[in-house]
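Here come two complexes built around subunit A, the first alongside subunit B, the second alongside subunit C.
Right, the complex of A and B next:
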């Protein structure tokens, strides 16, 4: 028996590794090892008052802090029966778009690009091709600026509260963002130029089950309470309240992240899943870009998640512009947050964080203190799918060269854009 | 905008990892410091503070560094920080972010970067710091003040 071990998975958020065991040419075992210590954040909010929960859970991740905050608020609002205004929903969607622009540009240009260009790091890429790295940083800055205007800070928003916003943005601020976003449309064309010019990453094919928030009438990361699971034309709908039938979390001995399967099969969440489940978004500029990237849906190659992120960058910029136009056209109202009246009950929220489905579910007592909390992140949902794709990549690799296999597996892991530190919750290693 | 910027780094939910943030909190409430410098909490993603860094003549970064043998020690490093990933408490490397920014932002070529590192034994989910690290936060703030 031989074993391939990648002890430290570079250029992902958190600490993880990969182990592959082979008997001759047969793959006997594949592990996506998550070493990151259990964060135990859910017990940290147990007993806390309703208005303390979102600021605490926002700290789970600095890259997805807006998604954690807004998903947390949505779950608590669901528990208390609060329905926010259409303007609040638009502003929250805009905040999601800002975070997605930041996260995708960081991932594509600082983490994934070095793989395709055979550089060890973004710093090495920057020495030879500074324009590509600068493009990524420029878009990241744009994403941060949206978060700063809407959320009050570039990370860990403070302006987002139960029932609405502490302060709504001024028209001048929205006009400033609109101007920056219009300039970014040109950058989006360059993103597609760069991603289309990269060498093909064609070393892992597998039928894949995709899961994403269902947006039948609108393009949204925030609104909606149903998840669609799709594979080869088969579809299933899971309601937010029934999320455990989607996640079916179970502990595995090699990882601090629990694994999720739907009806016994691993599934993939994230950009590729979103485009597969909601193909109506793919019109106009996006349709043209999709052709240039040679992306066909449903895809059977997890590396296509990078192409999907590039398409979503365009979509995020366009959607952010649409929202701002709508807010300016309607005239932004100086709304106060809806008053909160706590009550006993459970609230669950599902949203689309940059890396995929994010679930927060809380049970409150009558005074509005947390009795129990459950947070399931995209990387935890993807963990079983990542292992499946590792296995397929090794099986489909004609060479048994450790360096070749190792590089391919690392590229697959990074294509999932995992946030390992986020994926760890409530599990202790056996 | 003042020519000097002080950035505290860390996660307030991760115990001693928050040392840099606690130091910057102290400095932000000291008018002798805020008259001379802008002070911000940078969280764990230094690249998000890129805009705030641009155009400064000097940036002082206050961060936690893992040091099993010597928690509570404070060290000051001028210039590039050579690191091994495992030495850092939070997984986003601030040192790499500085290196990257310096490479692609010509305006930062002349900027002086100084690291004030608070040595900690571990970082785990806690809203409080360990007594030995909490005790040196005022000392680390005084070290930063001495650099102004």
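Right, the complex of A and C next:
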């Protein structure tokens, strides 16, 4: 028996590794190892008052901190029957888009790109090919500037609270963002040029099940009440209240992991899943870009998630611009947060964080203190699918060269853009 | 002068302080020309695990034996060890209730298997090794990180505000959320340096930068009690980001 071990997975958020065990040419065991300590934030928020929950659970992850904050607020608002204003909804979606722009450009240009170009880091890439890295940094900064204006801070937003915002942004700030976004439209074309020019990453093919929120309308894909699971034309709908059926923890023979499966099969969440479930979004500039990237849906190659992120980057910039135009047209009103009247009950919210489906569900007592909290993160949902794709990649690799296999496995792990701090909530730890 | 060798590390946390470093989009490429980053797993796959470092920046808290071993190894190879962010400096959100029944919490989240996990109540870095400098914040302020690099390159110790958020809040002429609105605002006992970001947005301070030196939690507690808040609830709030115990 031989074993391939990647001790520390680099260029990802958090601490993880990969172990593959082989018996001759047969893969006997595959682990996506998670070394992150358990912070136990869900049990720690028990007994906390409703307004303390979002800031604490935001700390699950920095890169998706806006998504965690907004999903948390929405779950609590659902529990208390609070409906926020249309202006708040727009500002929140803008914050979501800002985070997605930051996260996708960080991942594509600083974390994933070096693999394709055979460099150890974006810093090393920048020494030879500064344009691609500078482009990534520019877009990343744009995403952060949206988060700063709307959320009050780029990491762990503070301005977004139950019922609305502490202070709505000033019109001048929105006008500033608008001009930055308009400049970024040109950068979006360059993003496609660069991603289309990368060598093909063609070493893992597999039938894949995709899960994403079904968009109630084309404009706001970041939130919805129904998850669609689909593969090759078959589809199933899961309602928000039944979210636990997506996290059916199934023990698998190759490890003591509890993995999320849908009717026994691993599924993938994230950019590629969103585009597969909501193909109607792919019109105009996006349809042209998709052709240039040679992306076909449904895809059978997990590496295509990088292409899907590039397409979403364009979509996020375009949509952020639309939202700002609408806010400027409507005139921004100095709304105060809707007052909170706690009541006993359960509230669940499902959103599309940059890395895929994110679920927060809380039960409150009559005074608005947390009785229980449940958080399901994209990387936890993806864990079983990541392992499945590791297995396929090893099986499909003709060379039994550890360096070749190791690099491919790391590229697959990175294509999922894993957030290992987040994943601790469900995945087996070692 | 040769460039100082630097390592950037994360223990258990959200990676937010490393993200703040990567968020220095305008300075990042200049920065790497001034310092020699030898080990930065979140950004590079050619980290040198054993080389000596002039400066180690460490974020996150110590929650596992593995974290403690990693931290001791970093200490051994580094000249200056800098705690980056509230988790590293104080323990952070994972340390909010260190007295809680950990075995039960582990079982609640992970089931039977939870009992076998390498998992301990969160500790700040200084509880395990000697720390030379603290840069607090959840996350740290970008400017504080850049100022630290600039100061250290010049051989100066970086200096950070040693007064409460209230001081910054008054300088911004914000209305006081505690006195005028009766909100539980942690400004009086929390280290400044954020330019009173939250009160400036009409949102009470939740203490994410950790306690200010000589903070008087007992007197803050008395003010809150006068406003009619439950003592236990306030004590819980005051220790959200640090395990500071308030006398019951």
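Things worth noting here:
In this text, the second predicted complex is superposed on the first by the 411 of 430 C-alpha atoms of A that agree within 3 Å, B and C clash if a C-alpha of one lies under 4 Å from a C-alpha of the other, contacts with A are read in each partner's own complex, and residues count from 1 in each chain.
Note that a contact is a pair of C-beta atoms (placed from the backbone, for glycine too) under 8 Å apart; a residue touches a chain by one contact, two chains touch by 3 or more.
Given the structure is predicted, the values throughout are model-derived calculations rather than measurements.
Superimposing the complexes on subunit A yields a three-chain arrangement in which subunit B and subunit C clash. Touch criterion met: A:161 reaches subunit C, while subunit B stays clear of it. Between subunit B and subunit C, it is C that contacts the larger number of residues in subunit A.
Residue contacts after overlaying the shared chain place A:141 against subunit B and subunit C alike. Once chain A of one complex is fitted onto chain A of the other, the partner contacts of A:120 are limited to subunit C, with no touch recorded for subunit B.
By the touch criterion stated above, A:152 is placed in contact with subunit C alone, subunit B being left untouched. Using the contact criterion defined above for the overlaid structures, shared-chain residue A:350 touches neither subunit B nor subunit C, since it reaches no partner. Applying the stated contact rule after C-alpha superposition, one finds that A:41 touches each of subunit B and subunit C. Of the two partner chains placed by the overlay, neither subunit B nor subunit C lies in contact with A:101. Overlay on chain A, subunit C versus subunit B, candidates 24-32, 168-176 or 222-230: the clashing stretch is 24-32. On subunit A, the patch touched by subunit B and the patch touched by subunit C overlap at residues 8, 13-15, 36-37, 39-41, 44, 56, 59, 62-63, 65, 106, 110, 121-123, 126, 130, 133-134, 137, 140-141, 144, 154-156, 421.
In the complex of the two chains, the subunit B residues touching subunit A come out as 11-13, 43-45, 47-51, 85, 91-92, 96, 99-101, 103-104, 124-125, 127.
Partner subunit B is touched in their complex by these residues of subunit A: 8, 13-15, 36-37, 39-41, 44, 56, 59, 62-63, 65, 102, 106, 110, 121-123, 126-127, 130, 133-134, 137, 140-141, 144-145, 154-156, 420-421. Per the touch definition, subunit A reaches subunit C in the complex via residues 8, 10-15, 35-44, 47-49, 52, 55-56, 59-63, 65, 106, 110-111, 114, 120-124, 126, 130, 133-134, 137-138, 140-141, 144, 152-156, 158-159, 161, 165-167, 256, 258, 410, 421, 425, 428-429.
On the subunit C side of its complex with subunit A, the touching residues are 10-16, 19-20, 22-23, 25-26, 28-29, 32, 37, 40-47, 61, 63-64, 66-67, 92-94, 96-97, 100, 102, 104-106, 108-111, 113-114, 117-119, 122, 138-139, 197-198, 200-203, 206, 208, 233, 236-237, 240.
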